[in-house]
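Two complexes follow with subunit A in common, the first pairing it with subunit B and the second with subunit C.
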Partner chain A sequence: MEQALVIAAALLQGLGMLAVAPLLRGLIKKMKAALQTRQGPPLLQVYYDLAKLLRKEPVRSETASWVYVAGPRLYFAAGLAATTLVPVLVAAAPLETAGGVIGLVGILALGRFALATAALDTGSPFGGMGGSREMTIAALAEPALMLGLFTAALASGSLNLGAVVRHSLELGNSFHPSDVFALAGLFVVLIAETGRIPVDNPATHLELTMIHEAMVLEYAGPDLALVEWASAVKELLYITLLIDLFIPVGIASAIAPGPLAVAAGAWAAKVFVFAVVITLVESTNAKLRLFRVPELVAVALGLGFLALAIRFL
Partner chain B sequence: MTPDLVILCAAGMLVSVYLMVGQKALFTTIRLYAGQSLLLAAMAAMMAVADARPHLFVMAGMTAVLKGFAIPLFLMRVIDRIGIHREIEPFLNVPASLLACLGLTVVGYRVSTGFPEGDVGVTHHILGMGLSTMLIGLFLMVTRRKAITQILALLTVENAIFLVALGITSGMPLVVELGIFFDVILAVLVLGVLVRRIVARFESMDVSRLSKLKG
Partner chain C sequence: MFVPAEDFVLFALGVHGIVIAATLVLARRPSACGAVAFLGAAVAVVFTTATATAVLTSSAPVGGILFTHAASGVVLDYLVTPLSAWFLVIVGVVSIPVAVYSIGYLPHTVPPSRIAAVGATFNVLLATVELVLVANNVIGFLFAWELMTLATAALVATEHEAGVSRRAAYLYLVMSHVGTGALVAGFFTLSSFARSLSFADIFTGAVVSDPLRHILFVLFLGGFGVKAGIVPFHVWLPEAHPAAPSSISALMSAVLIKAGVYGLFRVCAFGLGTPHMNWGLLCMGLGALSAILGVLYALAQRDVKRLLAYSTIENSGIILLGLGAGMVMIANGQNSFAVVAVAASLYHALNHAAFKGLLFLGAGGVVMATGTRRIEEFGGLVRRMPFSAFLFVIGALAISSIPPFNGFASEWLTLQALLLGFESVPGLVRVNFPVAGALLALTSALAAACFVKAFGITFLALPRSRAAVEAHEIPNLMLLPQAFLASVCLALGLVPGLVLSVAGAVTASLPGLSSSASVALGGLGLRTGPDIAATVIPSALGLTVLAAVAIAVAVVGVFRLGRIVRRVPTWGCGGALTPVTEYTGTAFSKPLLMIFRAVYRPTREVEALAEVSPYFPQEVRYRVEIEATFERYLYRPLTRAVIEVAERMKVLQAGSLHAYLGYVLVLGLILLIWLGGR
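Presenting the complex of A and B:
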């Protein structure tokens, strides 16, 4: 009985995140267009695109092996699995007995690894270049992510995200200055990992400096749809992670209709605020030169280290 | 609630200094300085309400207007006139600078211990952040080449001293604060003129050229 409940919760949360994630992308696109006084694509355009891509026939290079086919599937599965390790509406992750912070980072890394190897598989220069760039940035962003997560974990004494959220909900609005540094560092990681503008441009396939788009340039049809969808889920996941760690106010501590409705409203409002901030960052900054990106991520790493140091000092 | 907000503002100031170290566009650096000053003003206003000391409101208002708007606008105009927008190459590259600043922060935080309320008190955090901000400001001043960045570093150090004064003594007397304010304004005006003279003479803001005056 207990197990059935856990599995149902995990499925529900995973599918819910899958359903909502494209809306976040559409929202950011729409708001960006509004800032440029354009009308922009409809809010649901990302869903239409995904539906269209899923109906198409996959076109694959003749030299592609099974690695190329497995890449998007593993990436998608990793994204979906990661959603079950993060508390969204309830102060407990569905599969929190399966793993905590380190499991989450590992699963995300597995997805990235699968996609980067798949990009190398056809032997085209663009894929290899994109994969190498993605891994370069990830190699710097991942420690920054770990440091930020560890800072939050130190306060509750547990690496389990559910326990972290429960601890900060118990304390009420407790606040430690290290949170500010961890939040700033993790926000830079969010920008870098989701390929937003100072690091990468999500809106174009035609730049020599592109990172994520170069890696998935050769995918078409359902393969491409899986990659796009998983990237959207990953973006929503990072935002939810920041919400859990730094502004957990409103997350339900028991499964009951009332608190759940409040939690859903609070979560949606907080995600919207993050979407607005991301839109503003994307609209007011120019894309960095590729060789300057490590400097930016180094700032995130520095802030993460600082957050951890201030916890101890 | 107020101590939390005060610490939040102080931490925001330290983050803004880190961002100053992390990037090179002059306009962004000036905006970061403006944001930092506004945080300081908000902090002074909150302390004025919490401790019921109305003269801090005057300080908060002057900080917001002068350091938050007037001085940044003046510096932006100077940059516009001379048309130089980037710190080309600091004496130390960004990752190395960041590492040095991390060390400075640890030092600043480590020495500001030993208060009666221990590690949880406001004083510990504010003094730690104030000292760290000041050390990083001094560090910026010696590692950057452009005269404008050096002015901004000087102003950051001044902000940090104000932060420490707020955190420990809960504000200096109004007369002293006013004196400091006029000093700062005068310094910025004189340095602004100086920068334009340097640019007119050397066609660059690089202060390291000042050591080769002869020939």
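Presenting the complex of A and C:
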């Protein structure tokens, strides 16, 4: 019975995140357009695009093997599976014991590995270029991410996100000055991992600057839909991760209609704030050269150390 | 049976002996002697593994007498402690599949006349590794250690027509013997203080006092560090491991390295008394350095076996990092935390053996099928060698610490240990732990990049050479051992709790580690707490991903409505798609090469050949070399100094008999005066 409940919760949360993730992308696009005094695409355009791509004829390269087919499916699956490891509306992740935040990082690494490998499968130089750059940036972001997670885990005494959230709910006002630095550091990681300006430009198809887009350049139709959808889920996931770590206030501590509604509202509001910040960052910055990205990541690493030092030394 | 039911050590050594004899007798019939040598070796290892399993399950060491020499009073005894048993299991997990693989593999790479020699040496090597692990006294240990070194050197020089192999074997011998020298000094110092040669007497921890203890620690760390491939003693490893036939490389990387690691455990961490905190910090530092430099150099390699060899340095570093963290915690009296760190280190040693064995065997298959070790000449092998590709990707996922494979579980545990280290250690020293954690995270992410390259460039896209076009799948006899190791990688990842409860028997037997702490969460999961509460159940993660894949397939299937996939050529940027336009391995690792150029110190050469105008080059040549930092700045001055001293000493060696008699006279006088003075 309890297991069935856990599975149902995991499924519900996963599918829920799947359903709302494209909206976040649409929202950011719309807000970006507004800042550029354009009208921009409709809010639901990302959904239309996904539906269109899914209905298209699947086209694949002659050179590609099963690895190419497995890539988007595993990438999508990794993003979806990872959503069951974060608390969204309730102060517990559906599959909390299955793996805390390290498990989450591991699963996302699986998706990245699958897609970067698949990118090499068609023989197109773009795939290799994108895969190489994606793995490079992921590797550079990893220490900053781990440092941020270390600080959070030491502060709350757990690496399981549900426990982290419950800990800060117990404390009531859990704000600590070091959080500012830790949040800033992890926000840079978010930018790097989700391929946003100034690290990567999701809207570009200029060959020399593409990272993620180069990696998936050969994909079309349903395969591409999976990749796009999973990227949206991953973005929402990282935002939710930061919310859980730093501003979990409002999250429901019990499953009841009232608190859940409040939690949903609070979560949506917080995600909106993040979306606004991402929009502002994207609109006011230019994309960095690839070889300047290490400097940005070094800043994140420095912020992480600063947070750790302020908190514990 | 003529031996006690649970103690097959002597029996196994006897089997090795008989097999060696049989192999040499059958030397003229290569196919028969190959089968005898390798199957015999596998049988012997089955028996030692059985003994080891019995010791691990009962936690009761078994031992006996190996050899007694009444006249000199020398008694060589052995004792299978839980720690020895753990490493014997590592030997078993890898060497049985390696032996089976060798039956199929060696006839293709080694001239028939040499199979008997390789087979016999293989048995000598395994027997000596087993002896090293179970020896319970100084003489037996050093004897086995030296024989192990010689057997390995012989195997490295299997293809001794090639100057590279000879050089590699020579370098290995020199480095190993410097290491053995340090060990001899260390062991005999301990023995002379304890007035005993038995391990039971010299590893009590109370034998020597502090200033000398530090010196001994450094001696042993250096001595075992050479074998374990720890930076800066690693320079022999990327030369020697690739030079040997691939199945031997697998054995060297997966098993022989672990002999050094065993020494680090047995002596450095748990043989010299309660470790000093600085020892632990030194181990952590060298471990982190090995991990990060190992993976960075691995990334830059263009030879698939060298890439794997450098990655071995990385994993040795991770093992040492965990052990060092444990030592720091023991030094601070945090014994229940130290259990986590030491268990993580043991777990990673086992895991590394499984996935590195698998990857080396896979690389061996590719090298056999294509006749080259250069990654840039592979490509497209996934169609020609589908099973090899599938098994290689499992190894690649495991080594990149991706769940639910085994590398993930031990990395998870190592990270937990580092977190606990920060909790448990007072003062500024604890800053080392998060730094190590960040470096470990960087290492595993770089390892993922490295193995995306190794797998992708080798197996995917279009074949890059004639050899790759003509490659064929390797025989089943060589695929089955890989399939076995791949399932071990998966199994060890799925049941971390079970593995850790077995490792608990090892940690409980080590001095200074409290036996009550357990990190097993049932058979399937791991947990730490209560200070830093964390759990992981890799199988649940794996199942979730599988369920999510099913959802992905369903989503695509619902919309597709039976439409078939259209196959079209890859867009070749306006031209024809040829292997020349593909992304190369060098290009793949270029961004990281540029970012970490302070480490690599690359020298690049770009040459454009243009006839009409420099803007329309006919041909562009690109060459990049990374600097061998340690060879150049550490070993070259060192060897130069040694040679210089030798040159000076040449004066003494005048070649005149009178001079030599004079030396004897002077020595005799000095001795007389010295002894007379006492």
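In this text, the second predicted complex is superposed on the first by the 312 of 313 C-alpha atoms of A that agree within 3 Å, B and C clash if a C-alpha of one lies under 4 Å from a C-alpha of the other, contacts with A are read in each partner's own complex, and residues count from 1 in each chain.
As a convention for this text, a contact is a pair of C-beta atoms (placed from the backbone, for glycine too) under 8 Å apart; a residue touches a chain by one contact, two chains touch by 3 or more.
Note that the structure is predicted; figures quoted are calculated from it, not measured.
Asks: Pick one for A:255: touches subunit B only (first), subunit C only (second), both, or neither.
Replies: neither
Asks: Figure out whether A:313 sits in contact with subunit B (first) or subunit C (second), or with both, or with neither.
Replies: After superposition on chain A, A:313 lies in contact with both partners, subunit B and subunit C.
Asks: Tell me the contact category for A:55 with respect to subunit B and subunit C: first, second, both or neither.
Replies: second
Asks: Check whether A:203 is in contact with subunit B, with subunit C, with both or with neither, and answer first, second, both or neither.
Replies: Neither partner.
Asks: So which one touches more of the residues on subunit A, subunit B or subunit C?
Replies: C
Asks: Identify the partner contact of A:136: answer first if only subunit B is touched, second if only subunit C is, both if each is, neither if none is.
Replies: second
Asks: So, A:276: does it touch subunit B (first), subunit C (second), both, or neither?
Replies: Neither partner.
Asks: Going by the contact definition given at the top, which residues of subunit A touch subunit B in one complex and subunit C in the other?
Replies: Common interface on subunit A, subunit B vs subunit C: 294, 305, 313.
Asks: Mind pulling up the subunit C residues that touch subunit A in the complex?
Replies: 380, 382-383, 393, 396-397, 400-403, 408, 412, 415-416, 419, 422-423, 428, 431, 434, 437-442, 444-446, 448-449, 452-453, 455-457, 459-462, 521, 525, 529-538, 540-541, 544-549, 551-553, 555-556, 559-560, 563, 565-573, 577, 579, 581-584, 587-592, 594-595
Asks: Where on subunit B does subunit A make contact in their complex?
Replies: Against subunit A, the touching part of subunit B is residues 1, 4, 7-8, 10-12, 14-15, 18-19, 22-23, 94-95, 98-99, 101-102, 105-106, 109-110, 113, 119, 125, 128-129.
Asks: Can you check the complex and tell me which residues of subunit A touch subunit C?
Replies: 10, 14, 51, 54-55, 57-67, 72-74, 76-78, 80-81, 84, 95-100, 102-103, 106-107, 109-110, 112-113, 116-117, 119-129, 131-133, 135-136, 138-140, 142-147, 150-151, 153-154, 157-160, 163, 218, 222-223, 225-226, 290-291, 294, 301, 304-305, 308, 312-313
Asks: Using the touch rule from the top, collect the residues of subunit A that touch subunit B in their complex.
Replies: Interface residues on subunit A, with respect to subunit B: 173, 175, 177, 180-181, 184, 294-296, 298-299, 302-303, 305-306, 309-310, 313.
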